[in-house]
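Chains here go by letter, A, B and C, matching the order in which they are written, and residues are numbered from 1 within each.
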Amino acid sequence: MSTKTNPGRFFEDYSVGQVIRHAVPRTVGQGERALYHALYPARGAIYSSDAFAQACGLAASPLDDLVAFHTVFGKTVPDVSLNAVANLGYAEGRWLAPVWPGDTLSSESEVIGLKQNSNGRTGVVWVRTTGRNQRGEDVLSYVRWVMVRKRDADAPAPETVVPTLAGVVDAADLVIPKGLDFTGYDFDLAGEPHRLGDYQPGEVIHHVDGVTVEEAEHMLATRLWQNTAKVHFDATQREDGKRLIYGGHVISLARALSFNGLANAQMIVGLNAGAHANPCFAGDTVRAWSEVIETAETPAPGVGAIRLRLVAAKGDGEGLRDDAGKYLPHVLLDLDYWALMPV
Amino acid sequence: MSTKTNPGRFFEDYSVGQVIRHAVPRTVGQGERALYHALYPARGAIYSSDAFAQACGLAASPLDDLVAFHTVFGKTVPDVSLNAVANLGYAEGRWLAPVWPGDTLSSESEVIGLKQNSNGRTGVVWVRTTGRNQRGEDVLSYVRWVMVRKRDADAPAPETVVPTLAGVVDAADLVIPKGLDFTGYDFDLAGEPHRLGDYQPGEVIHHVDGVTVEEAEHMLATRLWQNTAKVHFDATQREDGKRLIYGGHVISLARALSFNGLANAQMIVGLNAGAHANPCFAGDTVRAWSEVIETAETPAPGVGAIRLRLVAAKGDGEGLRDDAGKYLPHVLLDLDYWALMPV
Amino acid sequence: MSTKTNPGRFFEDYSVGQVIRHAVPRTVGQGERALYHALYPARGAIYSSDAFAQACGLAASPLDDLVAFHTVFGKTVPDVSLNAVANLGYAEGRWLAPVWPGDTLSSESEVIGLKQNSNGRTGVVWVRTTGRNQRGEDVLSYVRWVMVRKRDADAPAPETVVPTLAGVVDAADLVIPKGLDFTGYDFDLAGEPHRLGDYQPGEVIHHVDGVTVEEAEHMLATRLWQNTAKVHFDATQREDGKRLIYGGHVISLARALSFNGLANAQMIVGLNAGAHANPCFAGDTVRAWSEVIETAETPAPGVGAIRLRLVAAKGDGEGLRDDAGKYLPHVLLDLDYWALMPV
C-alpha cells in the first residue's frame, strides 16, 4: 500500500520557529465574488459594487475580506489542523491589503508556541499565518491556536512556549487600504444612514434575519476555500452521521446577517479574538447579534473604526454564557473584530 | 436595544410620487453568468456563447435578461416588499439595454399608485422600478404591485390612486438591443430549426423536461440577487417549517425549461403581465408549457418578436384555472412576455 | 399540440459517417473555474493558481481538463444519449489544447460504428466527438459508445460496423500543452514531494478522503455542463424517485479526491477507457483509489506521463470485481487515463 497520502502533522511534528509553506496557491476572482454572494446574504456595498468602491477611493471592488481569510486559512488546514481536536482561538489578526480579482494567494505559517497538555495525548500549537499575493505583498496575518493529537503518547513533551498575544489589536495598528476615503460616502446606496458617531459602546444590535443552513451550501463554501478537513464533507466521520460545518462558514453567515443594522461597517481590518462556541449542523437556523465595544479614529479621510463583538446563535436561544462562564449550547460563534465605518 | 435594523416600510409609509433610491448597487459579471447556468437549465445561445452573440451583432454575450430582472428586483425588496403579504402583479416591463459583464446595476422606484383595502389592515402599492447601469443608462423598467401591511390599522387611508397600466407592451415599444441582427443566425448551433413564422398564435408547447427543486439551489439564487425576504431563507418563518421559493426562481426555471421547443426565443424584451399563482417549495418538480399569443415584426434585420404565455406547474397536474377562474393548485406561474426570435 | 420539442435521436436515426454539429456553444471562464472548485475538492496547483501555471510555462491557469470534457460531452447529450439506455465506454480520448478563460467551446460528433442488439429493441452507437474552441482549434477528441433505444423495433437493422479502437492511447500520441515545462516545478506549493520516478506500476494509492454527495451539488454541476439528460434532474423519472447522478460528476469527484497521493498528476491528456460501473445517488459517500499502470517520457522539459486507473466507490466496500468479473455493487467508476507529472 502506498504511503503517499498526507496523514497530517501530529503534535510532535511541530517545533517553535518552524516555518511551513502551505501548498496550493489560489487565484481568486469574479467567480469567487459571485459565489460569496450566493453563499452568504452579503450586501456590503464596497464588495457588491465596483462603482461604489471607486467612489470610496478604491480601484475596484475587492474580494470580501473573509474570502481572503478563508482562502489563507484553508491552505493551512492540511498542515495545521488535519489532526486537530479543537480550534481554540484567534488573535492579532490584521488585514494588510485588499485582495483584487485575479490575485493569487498563498499562505505561510510560523510555529510560535507549543504546550503539551497534562493528559500527554494532545498539545496546543500556536501559529502565526501570513497570506501573501503574487506580488509578494502580505494581505493578512493572524495567530491561531489549535489542540492537536500526538502520534505517540510516549513522545517527550517539547519545551513549553506560550506566546504573549495582544488581547486586542490596537486601533493605531490597523492598516487602512490605500486611497480609502469616506468623505463622499453615499449612505442611501450603502443601505443605512448610521455613521460611526451613531454607535455607542455597549449598544446591542439584533440583526433580525435568519438563515437555515443546508449541507450543499456549507460544502460548496468549504471546498471553495480548499479546506480539506474531512469532518465537513464525509458523513461517515462522526458517529452521529452529521457533517460538522466549517467555523468560517458561520463567521461569514453572521457577518453577512449583520448588514441589517451595521451596513456601514464596511471593511474588516482586525480580528481580535474568536471562539467557535458550539458546532453548527445543516438544518440549524443561524441568527446573529452584535455589540459595539469601542470606536476609534483613523488617519484616512472620513474613515473611523468600530470594534464589534459578533455573536452567531442557532434557534431561538438567548444569552451568551451560563453562570459558570461556559457558552450556552445555542451559541455558535463569539467574534471580536474591527471594521471601518464612515465617521 | 438598538433600533438600527430595517423594519421595512408599511402601507402608510408610501405616498404617490415618492421616489425610493434602493440600496446596494451590484456589479454582475462572469461569476453571475456561470452561476445562472448552474442554477437553471439555461441554454439560450446568445447567453451561452460570446461567439454566438457576436455573430448576432452584439459585442459579447450579455448576462441573461432575467439576471437583470432579479438583480433590479432584489434591490427593491427591503423597501417595497419586506412587509408584503402578496406580490400581485407586473406590467409594462421593458428591457432597455443589455447588461454586460462588469456592469453595475442600481434600482430606483417611484410610487405610482396606492389603494387601501376594505379591511383597513393592508393596502396595495404600485411602483414603477427602473434599473440603471453605471453609465446612467436605463436597462430595465417595470411596474409591480404588492399588498403591504399597515403598521397601524387606525392610520387614515390615503387618497386612492390606481394607475392606468397597459395590458400589453405594444410591440412597437419594444427596445431592440443595438446592433442585433439575426440575418446570419445559425439555427444548428442555437439548437432548433424553428423560426418566427413556424409559430402560430394559439400553439401550445409542452416543454418536456422537469426539475425537482432543492432548498440549497433556490437560496443560492435568491441570495445572489440580494433579495432579503426572510421567508426564502428562514425555515422558522412559517408554521409549516417550509421556505417559500422566490417567485423569480420559478420564472427562471420555467424560462430555461422552455428552451426545449423555444430555443430561438432568444432575448426577453417585454413583460406584459405575471402572476405567482401558488407557492413553490423544495421537493416540487417544476415543469413548464408555453402558449404562443402573437408575433410581430421589429425594425432590426431578421429579428421578430414573439409574445408568449409561460406557465410553470408542479407535479403532473393539468389545466390552468378552475371553473371559477381560480388558478388550479399545481399552477405556480402564469407569465406573459415578449421575446426576440429570428424571422 | 406542438411537436417542436426535441425527442432525441433513436437508433435508426444514426448512420455511419454522419456528422452531428451539436447545439449551443459555450463560453467558459472565471465563473466556471470558481464553481469547479466549489463543486469538487480540486486542488491541482496548475488549475488553482495563475502564478503556479505561469511558473510551469503556461500563459495562465487553464480551466480544469474535466471542465473541457464535461462541456464538450454535455453538448452531445441531446443528440447522442437522450434515449440512451447505457453509457458503455470511452476510448482514444486526447486533450489537444488547454481551455483558457473566455474560450467558447463547441462539439461535433461523427458516427463511427453501429450494431443492433440481438433483442432488436436497442443498438450500440459509437461516436467520435471533437471539442473545438472559437479559434477553430481542437481541444479534445474522444470516442464514446452508448446503447440507444430504437423508435420502432421493426425498423431494419443497419449494417454492423464495429470500429477498431486502441485499448490505450500510445504515450507518443499524447499532446503536451505548448510551453509546458516542469524543470522549475515547486513541489512544496504543489502539495506533495512525489515525482514520476517515485511511482511504480502496480502501486495502489487509497486517497483517504470521502465526500457525501448532495442533490443540489450534482444538479448544479450537471446543469453547468448543459447536460440535459432528464434522469439527473427530475425525481419522477425513476420508479424509486431517485435522481441518477451524472457519471461525469463522479469522475470529477474521484479525480479531485485523488489529489491526496497524486497531487503532481497535474494535467489529464489521455482517456484510455472508462466504465460507470454502478449508479451513484445523493447520500452516497464517494471515495477513490488509484493504481499506477505505467509511466512514460514526453518530449517536454521535466514532464513525464503517468497512466492511472482511477476507481471511485461508495461506502466502505472493498475490491473491484466479483469472481464472474462483474463490478462489485459499491464500485461507481473505473477510469483509465494519462496525466502529466514532473519527472
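Rule of thumb we're sticking to: a residue touches a chain if its C-beta (ideal position, glycine included) is under 8 Å from a C-beta of that chain, and two chains touch if they have at least 3 such contacts.
Because the structure is a prediction, the values reported are computed rather than measured.
Engineer: Could you check if the interface between copies chain A and chain C is built from the same residues on both sides, meaning over half shared, or from different ones?
Structural biologist: different
Engineer: Rotation angle for the CA superposition of chain A on chain B, to the nearest 5°?
Structural biologist: 120
Engineer: For chain A and chain C, let me know how many angstrom lie between their CA-based centres, rounded off.
Structural biologist: 36
Engineer: What are the residues of chain C that contact at least two other chains?
Structural biologist: Only 29-32, 34-35, 214-217, 220 qualify.
Engineer: Which residues of chain A touch chain C in the complex?
Structural biologist: Against chain C, chain A makes touches at 1-2, 4-6, 21, 23-32, 34-35, 78, 101-102, 104, 106, 134, 214-217, 219-221, 223-224, 226, 228, 230, 233-237, 243.
Engineer: Within the complex, which stretch of chain A touches chain B?
Structural biologist: Listed in rising order, the residues of chain A that touch chain B are 29-35, 37-43, 45, 48-52, 61, 188-192, 194, 198, 203-212, 214-217, 220, 260-263, 285, 316.
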